[in-house]
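Some structures are shown below for you to check.
Shared between the two complexes below is chain A, which pairs with chain B and chain C, respectively.
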Partner chain A sequence: MTAYWECLRGIVLREWLRFVLQRSRFLSALVRPLLWLLVFAAGFRAALGIAIIEPYDTYITYDTYIVPGLACMILLFNGMQGSLSMVYDREMGSMRVLLTSPLPRAFLLAAKLLATALISLLQVYAFLAIAWVYGVQPPAWGLLAALPALLLVALLLSALGLLLSNGIRQLENFAGVMNFVIFPLFFLSSALYPLWKMRESSEWLYWLCAVNPFTHAVELVRNALYLRLHLDALLICAGLSALLTLLAVASFNPQHAALRKVG
Partner chain B sequence: MNALEVSGVGFAYGARQALSDLAFELAPGRFGALLGPNGAGKSTLIALLTRLYDLQQGDIRIFGHSLRDEPRQALRQLGVVFQQSTLDLDLSVQQNLAYHAALHGMPRREAQVRIDEELLRQDLAERRHDKVRTLNGGHRRRVEIARALLHQPRLLLLDEASAGLDPASRLALGRHVRNLCREQGLCVLWTTHLLDEIESNDDLLILHRGERVAWGKASQFGDDLGISFARLTGDEALGRGHVREALRPKRAEDVGDNETAPVRTAHPTRGVR
Partner chain C sequence: MRLTRLACAVAFGLACHSAFAATAYVSNEKDDSISVIDLDSLEVTATLDVGMRPRGLLLSSDNRLLYICASDSDRVQVMDLATRTIIKELPSGADPEQFALHPNDRWLYISNEDDALVTVVDAQSDEVLAQIEVGVEPEGMAVSPDGKWAVNTSETTNMLHWIDTRTQQLVDNTLVDQRPRHVEFEKDGKRLWASAEIGGTVTVLDVDSRQVLKVLNFAIKGVHPDKVQPVGVKLSDDGKYAFVALGPANHVAVVDARTFEILDYLLVGRRVWHMAFTPDQKRLLTTNGVSGDVSVIDVDSLKVTKSIKVGRYPWGVVVTP
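Right, the complex of A and B next:
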């Protein structure tokens, strides 16, 4: 067991050191959600108030509404980016070193996914701190309660990213991922607008949003931030995380990428 | 028991056969050189040895452990230095080594002892806290060798480890690895496309288009390894290119060198001077 613990510790520590040393990457990852919050939401704030909906106890402003969705957006980008870099790296670079470890490959990949997820959480909390100063202030205990929810969502999205990059050749560049994965997941969810608003404009768009796993991720985090448990969202996210991690680990094979290149 | 046993290994990228029925073995404590022009199948073999790719045909045994059936036991015996640097440039030497020790599940205290030992041996103790980015190519390679040896493997694999180094560093690296081989009883598999990195006492495997075209002691190839290599790979021009590259650094008068000039003789034990 010690070997597994030391290995996990080493992988997480390395991600931490890289995170500390690459401050510019950290800051640029914060710019995107902050633009949404400070510019986009500010513009919409005047036009759009949100009626009382779960889990909020009162009318809320638009910027309050979108903070959980933006927190999940950070995890979405990081998850996809992290997993893609694992794919780029697997033929050369750090993944080759990781894979020469004698510990089981499934464990190494899961540890790597977990390490990436933990580092993403730091970015989310930096964003939540700025949002707090800006005026979006969920209950202080909510910030703590959201931690496991955010971790689960981070794992879910990293596993999804790894699975996609294992299987689909066209996704080997980030622009493709943005267009075909990140944007649809993000816009067809409850991150930017409540689903009942979506239903008013289109029934089928509403259904697309309702089955989108990212909607459940956002709602899990939103409820946790306001000290509520959204059991359905929790079960869906936990089940999907386990399933996608299993599929991603099982389908991870650098050989497939090499064969695809020539095939 | 052989340190490395490759038997009947074949690998294809779709329709393109990269390795065909490859077989050779290395005894413990031997220095094995794997020589081949680009595209010979060296990288594919390294990918198979390091378990990046799964075996399609045949088997590879490292100190008796099959990579197919007991990959974990096999990998424990193997240290690898990859062709392209795989160090984290922004991390210090110590941090890079500690990460590798963790990947092998070594307890921290034991890892630190091993890191101290290896840094001393590689003459890098004073650079311990330097970022890898600040080290020159030769030193980076030595960090990678220290890293590859941390978990005390019995087989060390170096994939074109001298690539990108200046002649002096290249020579020093070769000498260093041979010392490890002699003094520690380490078995080494050294892949290269440079003839002058091969010494007469080495076990030499020549690979061409995925096939083993020669296997034996380097001294058996006669005085002129360059000619043997050109003959064996069936491409005299290619062989001559290698001889030139191996014999001397490029000089001004080499420019415009007549391509039909006779092949220069190369002695396998002769290095770059």
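Right, the complex of A and C next:
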């Protein structure tokens, strides 16, 4: 048991050190959502003040609306960046060092997912703190209630990133992930616009957004921030996290990079 | 025996609950009804049918009677709040919109929008005591806390009309900005606040001299200035805040009533008309005409905590303890 704990501690510590040493990574992770909040949302400030949307009890400005979506955006980018680091690790061989551990590979990968998720949470709370100062203030208890929701979403997106990294053979292919995974997941969700707004413009767009797992992730976090439980979103996120983790672990092959080099 | 005790306890509990829970009454202009909101649960508990196009609402000083301006019925209706039935109708003159009750709890000063008149009715004897000619389209109406002044606003003449209540005569007029819609006296009666809908301002006047002390302007980020149309004004009893409903700007302005500094703009529903405090003044309710709801403002934190769906085009609101 101690071995497992030591291993988990080691992996989390490594991610933490990487996070601390790469300040620019932390800053860029914050700058992205802050640009959306302070610049993009400013232009639409009054756009949403016309309807009450669950879980809000009253009218809200657009900046209040997009904060949960932007929190999830941090998790999305970090999840995908986690997959990038996995490709890097495989190419540089440090993953193989990790896999020499006698502990089961499934545990090692799960620990890696958890470590990425925990680091992501720090960034999300840094963002929420800035948003709070800016004036987007969910109930104080909501910030605590959102913690498990954010952790689940972070795990879900890290698992997705890991699964994707298994399919990526080279570091350069990551650009494709941006175009074909991050952008569609983010824009075809309720992060920036409520689903009923999507429906006003087109029915098929609405359905694409409604089935997008990222929509459920955003709604889970949004509801938790305002002390509500969105049960459907919770079940979907939990189920998907379990499924993606299983698939990622099952399809993980550290030999990819090595084989390519030999070949 | 146990059952009886239990029943008594439950009945007592219910009685206490209803005794302590404040209740809001909201006039729904398009539904010809009054929505009753329980302010503990913040839910509409009843909808009462009243005369046509109910707008202004008032309570008797003992909170037992609700006076309703049924504008299109050309009547002021009197509802007994214990039975929630209309017990009588007062001759109000044509198209009553806003009104004010004299501290003697008898004289109702009613604006007759179509006739450029203020009608004074004795709410006990049902007699019309006087009809006073004022400017075109009279609307806002307030009586000073000492009962000396009744002030009316006329929307087209852009004036405040000062009526001496001892003689029921118009004694002075004050020009304010365009389309004055509402007037409110401070608790000590020293200053009067008047909103001007098209002018987009609120004028604060010294009551003794009837001179303008200050004209307040409002500007909300991201909202076109044309949409900033002040209507309802409410002043907290502690003299700390003035709240100004800004109509289609969908915001309520919070003003420091001592320094006249505008502290904040609170987002509420669409086309906010009028407001009422809860008896403890910890919450302020706003009627939002176009969105058909009532927003609840927490006065301590100056935050909008909830919006409650009511009927179509809510206009007036009063709260009983």
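FYI, the second predicted complex is superposed on the first by the 244 of 263 C-alpha atoms of A that agree within 3 Å, B and C clash if a C-alpha of one lies under 4 Å from a C-alpha of the other, contacts with A are read in each partner's own complex, and residues count from 1 in each chain.
Following the convention adopted for this analysis, contacts are C-beta pairs under 8 Å (C-beta built on N, C-alpha and C of every residue); 3 or more make two chains touch, one makes a residue touch a chain.
Because the structure is a prediction, the values reported are computed rather than measured.
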item	value
Partners on chain A (chain B, chain C) - clash or fit	fit
Which partner reaches more residues of chain A (counting touched residues only), chain B or chain C	B
First (chain B), second (chain C), both or neither touched by A:148	neither
First, second, both or neither for A:17, with chain B first and chain C second	first
Chain B versus chain C as contact partner of A:61, first or second or both or neither	second
Following superposition on chain A: angle at chain A, chain B versus chain C, Cα, nearest 10°	160
Minimum C-alpha separation between chain B and chain C after superposing on chain A, in Å	47
Complex contacts: residues of chain A adjacent to chain C	45-46, 49-50, 52, 57-61
Of chain B, residues touching chain A in the complex	13-14, 16, 47, 50-54, 71-73, 75-76, 78, 80, 82, 84, 86, 88, 90-91, 95, 98-108, 111
Chain A residues within the chain B interface of the complex	2-4, 6-7, 9-11, 13-14, 17-18, 21-22, 90-94, 96-104, 108, 253-255, 258-259, 261-263
Residues of chain C touching chain A in the complex	221-223, 250, 267-270, 291, 293, 295-296, 304-307
